[in-house]
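Just so it is clear, A, B, C and D label the chains in written order, and each chain counts residues from 1 on its own.
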Amino acid sequence: MIPLLFFSLKGYAQTSTEKLPPVTDYAEKLDTLYHFLVGISVVSCILVIVAFAYFSIRYRRKSEKEQGSAKVSHNTLLEFIWSFIPLVIFAVAFVWGWILYYDFKRPPENSLEIHVYGQMWNWTFVYKNGKKTTNEFYVPSHKPVKLIMTSKDVLHSFFIPTFRIKQDVVPGIYTSLWFKANRKGKFQVFCTEFCGTGHANMLARMHVVSLKEWEDWLAHDPYKGLSLAEIGKKAFQGRCTVCHTTTKEKRIGPGLSGLMGAKREFTNGKSLMVDENYLRESILNPSEKIVVGFPNQMTPFAGTLSEEELSGLIEYIKTLK
Amino acid sequence: MSEHHTVPFKTYLSVLIILLFLTVITVAVAQIDFGAWNTFIAMFIASVKGALVLLYFMHLKYEDRLYWVIFGSGVFFVVLLFFLTKIDIITRVLEVNTL
Amino acid sequence: MAENKNYLNWQKGISSWLLTLDHKRIGILYMITIFSFFLIGGIFALLMRLELFSAGEDFIKTDFYNQAMTYHGAIMVFMVIIPGIPAFLGNFFLPLQIGAKDVAFPRVNLLSWYCLVTGALIACFSLVLNGVDTGWTFYTPYSIRTSTSVIPVVLGAFIMGFSSILTGLNFIVTIHKLRAPGMTFFRMPLFVWSLYSTAIIQILATPVLAITLLLLIAERVLGVGIFDPNLGGDPILFQHFFWFYSHPAVYIMILPAMGIISELIVAFSRQNIFGYKSIVMASIGIAAVSFFVWGHHLFVSGQSEWAGIIFSGLTMLVGVPTAVKVFNWTATLYKGSLKFDTPLLYAMGFLFLFLIGGVTGIILATIAADVHLHDTYFVVAHFHYVMVGGTLMAIMGGFYYWLPKMFGRMYNELWGRVSFALIFIGFNVTFFPQFILGAEGMPRRYADYPLPYEPLNQLSTLGSWFIGGGFVVALIAIVWAIFKGPKAPANPWGAKTLEWETTSPPPHENFSETPQVTTGPYHYGN
Amino acid sequence: METKPSPQTKPLAHHFDSYEQQESAGTLGMWLFLCTEILMFGGLFVGYVLYHSLYPEIFKAGATFLEWKKGGINTVVLLISSFTMALSIYYAQKNKMKACRMSLILTLFCGLLFMLIKYMEYSHKMHVGIFPGKFFAYTGEGNVEGLALYFSFYYLMTGLHASHVLAGMGLIGWALFRAFQNKIGPNNYKPLEYVGLFWHLVDLIWIYLFPLLYLVE
């Protein structure tokens, strides 16, 4: 068993730092704490395993009738030592964890604030100047960034493994995260609080770029010079592909091809021909009219879609035959 | 554990009278507005009534300590649940939407 | 010699089993229930591991994976591992170990078995409806919004809660009132002490789960809004109420396992336990402190900073008595005369795996580390090491140890060791890579994962086939032993606790005459 | 304590050594069950108190709807029923079985009275559309946004308590039935005492419920 332990721990120590190189000061400090904890665990495991391995070999039963020969049945000093030492080690771990947590919970004053909206299976990022993006967002390096997050439906959790930070996104209240990236690059963001079917593909990608590039990106309007339908197509990619297809195929929601002008029955008995108003209403407030045979699971997009994107989406859907 | 300890009739009657009296008191006190103290007074009177029911009607007075421990631990862990959850709710620093 | 009258053959017929008041027969009924649900839960686990063999959605749809994840969790927690040791081995051996004829309330004992079966059937009825996909923790507001049938599973768990409460109540009264003459509290075997501290937790924690599940049903049926943020409720409060029960519940799972390990280590090193009093104090200490630490499940859930610090500190405290127990067991081996039969192998497996589970628990208790590791596969590996490595190893060890006493037959030593080796190696190959996956940030409850996590997931799935194989071999070996095994003597291991002084399998009234106890539980040669 | 085998003696279960052991086991079991009841109601009380401090104005508005007079009468009714319950045990110990049966009937009557007043309260509220949770359809004056949450707590707490009052009345009915079968006497009043313990606990919970809901703004 000992070789298995050594092999995996050596491999472990090497891969984790190689796979997830720390990008912020906080992540580096956390890695040192983490390696301290793993080191203590390995040492204590080896101590106990060596002890009972040795005892198992040394005191094997020789004859059928043999009894144990330990005279002493307890030793108060020894028992005090092996409860006091773990207590001290655990106290050290606790205080060290507290120091880092203290820092993790206190964003610097001048940090750049970005609003994050989690909803069933995509992330929306809203910047101070009103710019909205989905699942892809840009952040300047070497500047403290504070994410102010809330959810539009159920619990989610914003986790950036390379930054070693995570915070649940709770509907009804705002929670926050902060970081200061020391290196440029693209970093994966996961949702780590179970939120239903699309939980595993509710991924976002963070681009850490230089300040200048970030400012250009902020000012750049991705939809400039595009027709409404093309804007709609771009908006559609990021948000709707998890549940809707552009063909007839039904996923969680209905397939959208040939939707314009088609007849739809709703769970409340009414029915109507699909037109712009119905499309607009079903995007902003889907639970108003639910088509028969589909769950009432779509979260409203009011507040995370700009007017341009909304009318673009409607135009795009109209082009789907 | 006293097997056949019969509580005299007089004790039951006097306990009932005190309980009814305390009910009247607690209703009367509730009319006067002491602000936050109202809750505390009401809970205190309720605890006195509860103790009376426990000690005399439920014979806790004549049982050995084990039953006190059982009842006490039940109440203790309810208070513990309230206490630690309250700490969380009080010390929550809520972010504000700066959009 | 004529087949002696024992609890198995003194009454025949199905009603003599389904309406039995004998704690031994109820123990056997629990055994059948628990191991059949263990098989179902295990199948769900193998399905999940199969899906996770490669990135992308291949064998099963994401929806079905989420339901498999929920059923694996709910079945294993509520129907296998919480009733596991107390109801099966505890019911069978508590009266025997304290020299009593039966538990204090036999009818309540049968009622708690029916509560478990009814609750389990109601919960599994949701399989026929449209399943449930909230995870065994039922976190709101998702558990309120989802269109899957949450209510049958929550109602089932509510009813199974009563089975746990009634078992705990029965055991406390039995231990207080039905000990054999001369058996003072400090002469009771350590397995009985562990059942006592487990029963205390069952009595004090399970009612809060009952009210939480009732409120969740009220939430879905009446829309009361206590846990629903749209109606002013607070989802974090649900997590507080849920974990106020569920963390003590993990001690309901591990304390009886520790009791069995004390018995096994003593019986197979044939000498008195090292530090009997400190193990007893540690058991009661763990039972008490376990109620103070639930907040370490909420470190990143939006709980306040100061509550997080307090809970992290308290969690460190509960780690100390656990460590003391492991050191005591290791010290008991000193100068013993160890014989490596299957029960001791499982005890060694427990020591090795529970050790790793314990230290990773301390890593997760350190609040800053938990911020990174929470809800990743590091946590999945941690609790599997503690639950499978701890409680499952102890159940198997206890089963092999007491099989001669329960059925009067010996198991085959070779197959016992083969199944142990398969399970032990398979377990490590499955779950140790998950520590690494977790540290690299792979979140839990993911039906699909980015490509870089694939190699370790493939290794983990390979390991899960070994565990599956190991338990199938163990099942066949045990069933063969129960019906075909050679006759077992009354005391095959030379152990000293009371249950070995009666015949095996024991007669209906346990002891021909009530045993007199004059010494401590483990009075060996010295 | 000599165990003279009077006809009212309950047969000793096979696994107990003496009456005393059997009866003290029953008492310990009952007290443990009461502990679980305290914890269950305690969980609900903790939820109520937490939300009381989170939304003081909603709970203040809600409290005005409750008729504390009916609550007060209910408290008196339950206290008297506790008294008569204790009396029934007193008479059983004194072997005055007629008086014991009378006090049990009185206790049942008080229970019915309590349920009647509770029914009046509920129907009065439901009449104006005050239902728990999403069925809340009250539009009259004094309505505050989020009042449904308060009444969800009100119905949950008083409903759970009322269900325990009904369960208690069922148990008293069972004890009364055994008393008529002459199965309860000075040597065998313990089952009656267990029913009494449960009934007193139900009264104890109402003693705390009444001020918490009705009196406190």
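In this section, a residue touches a chain if its C-beta (ideal position, glycine included) is under 8 Å from a C-beta of that chain, and two chains touch if they have at least 3 such contacts.
Just so it is clear, the structure is predicted and the values come from calculations on it, not from any experiment.
Chemist: Could you quickly compare C-D and B-C and let me know which has more C-beta contacts?
Modeler: Looking at contacts between chains, C-D has the larger number.
Chemist: Compute the distance, rounded to whole Å, between the mean C-alpha positions of chain B and chain C.
Modeler: Going by mean C-alpha positions, chain B sits 36 Å from chain C.
Chemist: Whole-Å distance, chain A centre to chain C centre, using C-alpha means?
Modeler: Chain A and chain C have C-alpha centres separated by 31 Å.
Chemist: Between chain A and chain D, what distance separates the C-alpha centroids? Give it in angstrom.
Modeler: Comparing mean C-alpha positions, chain D is 48 Å from chain A.
Chemist: Which residue numbers or ranges of chain C touch two or more of the other chains?
Modeler: Answer for chain C, listing residues that touch two or more other chains: 176, 204, 208, 234, 236-237, 241, 302, 305.
Chemist: Give me the residue numbers in chain A that touch at least two other chains, ranges are fine.
Modeler: 173, 175
Chemist: Among all residues of chain D, which ones touch two or more of the remaining chains?
Modeler: 24, 28, 32, 35-36, 39, 42-43, 50, 54
Chemist: Between which chains does touch occur?
Modeler: Pairs satisfying the touch definition: A-B, A-C, B-C, B-D, C-D.
Chemist: Per the contact definition, I'd like the list of chain A residues that touch chain B in the complex.
Modeler: Per the stated touch rule, the residues are 113, 115, 126, 128, 148, 150, 173-176.
Chemist: For the complex, which residues does chain B have touching chain A?
Modeler: 94-99
Chemist: Per the contact definition, I'd like the list of chain B residues that touch chain C in the complex.
Modeler: Interface residues on the chain B side: 66, 73-74, 77, 80-81, 84-85, 87-93.
Chemist: Which of the residues in chain A come into contact with chain C in the complex?
Modeler: Answer in residue numbers: 1, 4, 8, 11-12, 15-16, 19-20, 30, 33-34, 37-38, 40-41, 44-45, 48-49, 51-52, 55-56, 59-62, 66-75, 78-79, 82-83, 86-87, 90-91, 93-94, 96-102, 104-105, 153-155, 157, 159, 161-162, 164-168, 170-173, 175, 188, 190-201, 203, 295-297.
Chemist: For chain C, which residues count as touching chain B in their complex?
Modeler: Contacts found on chain C: 176, 204, 208, 234, 236-237, 240-241, 244, 291-292, 295, 298, 302-307, 310-311.
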